[in-house]
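Paired with subunit B in one complex and with subunit C in the other, subunit A is shared by the two complexes that follow.
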Partner chain A sequence: MLLEGWIYVCEADAIDEEDVIRFDSGSRSFAIYRSEDNDYYATDGFCTHEKVHLAEGLVMGDIIECPKHNGRFNYKTGQAKKTPACEHLTTYPVQVTDDGKVYIQID
Partner chain B sequence: MSTRGMVIIGGGETGASAARTLREEGWQGPITLIGQENLAPYERPPLSKGALALGSEAAPAFILKEQTLEELSITWVREARAVKIDRDRHIVQLADGQEIAYDKLLLATGASPRKLTLEGSNTTSVMELRTFADAERLRSKLEAGRQLVVIGAGFIGLEVAASARERGCQVTVLEVGHRILMRGVPLGIAQAVEARHREAGVNFQLGVGIERIESASGEQRITLANGQELRCDAIIAGIGAIPETSLAAACGLDVGNGILVNDRLATSDPTIYAAGDCCAFPHGVYGGTRIRLEAWRNAQEGGAHAARNMLGADQPYEAIPWFWSDQYEQTLQVIGLPDASTLTVQRHTEDESLFFFHLDDEHRLAAASGIGAGIAKEIKLAEMLIVKRAVLDPVVLAAPGLKLKALLKELS
Partner chain C sequence: MSAATGHKRDYSLTGPERLRAMEKGLASAQWYTSPIPRKRLKELMQRRNGPAIRDTLIWFALLIGTGVLAFYSWGTWWSIPAFFIYGILYASPGDSRWHECGHGTAFKTPWMNEVIYQIASFMVLRPATPWRWSHTRHHTDTFIVGLDPEIAQPRPPVWRIILMEFLHLYGGPKDIKRMILHCFGIVDKEQRTYLPESEFRKTFWESRVYVLIFLSVIGLCLYAGSILPAMFIVLPSFYGVSLMLTFGLVQHLGLHEDVLDHRLNTRTIYMNPVFRFLYWNMNYHIEHHMFPMVPYHALPKLHEELKPDFPKPNRSVWETVKEVMIALIRQGKDPSYTIQRVLPATAQPYKYRPTSEEREVTDTMGRAL
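Now for the complex of A and B:
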């Protein structure tokens, strides 16, 4: 059973291994990641440098590289790793249920 | 090293990136950044995009704010034009006579818009776009309903056309070539860009020369070589840029289409480096061909690279050329040098994006280009393949189910 406050994102296999998708909820946008070892993570959807959807960027290992100016973040911790991205990303808890559905908690 | 310090001429993307990198790499001596503009270093790409958009007043997007310059102890000499380099005395002279001594010097002087040389064209009748001041002037002309003529269908002209349409101006683009985006962009992408502009209501006149420009009481009249006359409220020319090489040439450095540097970004004087739009460098990935780029990432990475070499790193500069442009909701990107290719393969994407691989004679990946929502990841993966100098099978590349990341992993 999921606690209140968790929002359904997608089926777990809708995200490729070592990849990211965009998820919008209300007026907010998130980036949902699946790592190489099949763990799921969530961060703010927009790069903290300029407002660009991170889901259009490339995941390599623990890193999401922004499509615009190649700023980098560790998507597991939210930490900014390469300029021009200097401000960290907020991360959000993710849960994958036994029946393979991805949920995030955004509040 | 003595304490004369590092001197950078040019406070644009390249100069700013170099100055910051010198500090980040631990250089504790003096750094002097000389710039002839009155603003601290700011980004140019927004000048044809966000800075012209509707909405709040556009402010410069600073790369290094004055406060940051201070925090990094970078001496920022603004509104100062360097007029002479005395290589024997290691001194840069400014227009006001001030002399600044250097241990190592970086020329980051960029490029200036190519001027229209036509009867009637001068800076009051024909605008150009390189500085924030230019963008403000242009912006003030882009009122809804006004007629704008853009001369030149290169990136800057087309971005201005898109911004002007979004503000409700009537826009005509004149181009002497027979297609838009003649340089560095494959035909398929140029066609997609043109179609989007036409859908937005931009008029194109391709393959036409201009005879003369006349202005009278606020109205401009352009006479085309075919005799046709166009009337408009404003004209902007985006017909290319000329590298700023005059300082380098005057002090006897090797100069061609840009200040000639080696793969370390050093000029023919080992104490003087050059990077960014102003220089032409041999590119190891493309068989040592000398290239000059006018692109944001090259400015940023070239500046940083030169700075590291000025501090003794002695590394070749091998960053793969990368360029992007935003027009309307579309982004296009080019990685590598499509002009260095002989075979183009289209990648079939699931969305509406267009994506091309450009292979050389040996089927080595020379470049990739794309337009649409999903291309950034693919372009990044293509960059890694170019770095690996991957030889690729055109049939594999054209297969609809191709996963570039898997392909890259197979090759590692």
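Now for the complex of A and C:
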């Protein structure tokens, strides 16, 4: 089912529990997360410190750690939690449909 | 002017090379990473407290043990080897613990990383906050001239500085001078290129604590009428750094500058278990630069995963020191001289390799490629 104003990302089970994947749409890149308790979240794909894909980082509880410099964010709120990451991430609404498809709203 | 034309380049962070690197797209660029299954990488990235607690206890026990021997040997010839060993055990693990805890990967528990980071930063006389940001820049722009503050030597090398550094007589006073400036709320021009203003306050207070410790040690020496107290704290950061410097020099020197593939500008070296303990597996240096969030205890396993995509590692520290010395001597005459790492047949090709017109490129035996 195509939700109006939402963009299809992937099947829900394509993301492992407590993990993150990269999703590109046009020239933009996003990081899509699945938490320990099976909720889904989305943020900008790049660390706000340097241009590094967060999807290559490590999810630890509510935290995504940048793979390059150990900068940390709360991926549920986008809040920067540890230097060198100082600026917050933008977060985006995520929906998972009954038939197990993940959508995000980016505008 | 670039090394390609044989002219001396400006390695400062505030000179023309900075702009040149940015124009060439070398600043904060996308680096090559070797293929590794995400699941396996995630396993290797997992933090653990156990190995670092064990290694830290061993390190402190060794320091106390050799410290006691050094204390009782004071005034005899035996104090020379005793303090030499104490100094090596003070500075070399100090450097690697500073490094790994700075990355936040040594321990799983963040405060443990921070405590050891602060202690080790003092031991190697690197003010904790500016050096954390300096190292961040080193990882973003590894060996990009004008951007990386941690390029160990320019081309051609300055031998006077290399020799002085075996007693930390170049970098040590430079950092102490910066600490004193920090005490008065001054950050120098170079540091301002990588240290954000939001970190200034923390930097000033850290340096004030360091300077207070220095003054206390000096006061203790005056009170005791002997330099013995300083032989245990502060002075080992000078007399004990020879092995630490050797490990530092062999990480990147002689290899490519201004490339976006760590296989071209970084070495992996096989080391004996004692050196690996002191250096916390940082001999797996290409692996570390490519995936800096993999903890030190998982680097040997990461090496096994990535080996087919990497050039052959150097077989020992000694072999590497010879290789680096030959390269530095050659760079003294020809700054464009560069060692080229040959990839195995199983490897992906280099993402970016300067053409032979840009550089004279040789293999590790000095043969032109």
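Definition applied: the second predicted complex is superposed on the first by the 104 of 107 C-alpha atoms of A that agree within 3 Å, B and C clash if a C-alpha of one lies under 4 Å from a C-alpha of the other, contacts with A are read in each partner's own complex, and residues count from 1 in each chain.
Note that a contact is a pair of C-beta atoms (placed from the backbone, for glycine too) under 8 Å apart; a residue touches a chain by one contact, two chains touch by 3 or more.
From a predicted model like this one, the values you see are computed outputs, not experimental measurements.
J.: Does the superposition put A:Cys86 against subunit B (first), subunit C (second), both, or neither?
T.: Touch status of A:Cys86: second partner only.
J.: By the touch definition at the top of the document, which applies to A:Lys101: first (subunit B), second (subunit C), both, or neither?
T.: A:Lys101 sits against neither subunit B nor subunit C.
J.: Once chain A of both complexes is superposed, is A:Glu65 in touch with subunit B (first), subunit C (second), both, or neither?
T.: A:Glu65 sits against subunit B and subunit C alike.
J.: According to the stated criteria, A:Lys76 is in contact with first (subunit B), second (subunit C), both, or neither; which is it?
T.: In the superposition, A:Lys76 touches no partner, neither subunit B nor subunit C.
J.: In this superposed model, does subunit C or subunit B come into contact with more residues of subunit A?
T.: C
J.: With the two structures laid over each other on chain A, which partner does A:Lys51 touch: subunit B (first), subunit C (second), both, or neither?
T.: second
J.: With the touch criterion stated at the top, can you tell me which subunit A residues are shared between the subunit B interface and the subunit C interface?
T.: Common interface on subunit A, subunit B vs subunit C: 56-58, 65, 67-70.
J.: Report the residues of subunit A in contact with subunit C in the complex, numbered from low to high.
T.: Checking each residue of subunit A against subunit C gives 16, 19, 50-51, 56-58, 65-70, 82-84, 86.
J.: Under the definition above, what is the set of subunit C residues touching subunit A in their complex?
T.: 28, 30, 33, 39, 42, 45-46, 103-105, 110, 132-133, 136, 139-140, 196, 198-199, 291-293
J.: Once bound in the complex, which stretches of subunit A touch subunit B?
T.: It is residues 18, 56-58, 65, 67-70 of subunit A that touch subunit B.
J.: If we count contacts the way the header does, which residues on subunit B are in touch with subunit A in the complex?
T.: 297, 324, 373-374, 376-377, 380-381, 405
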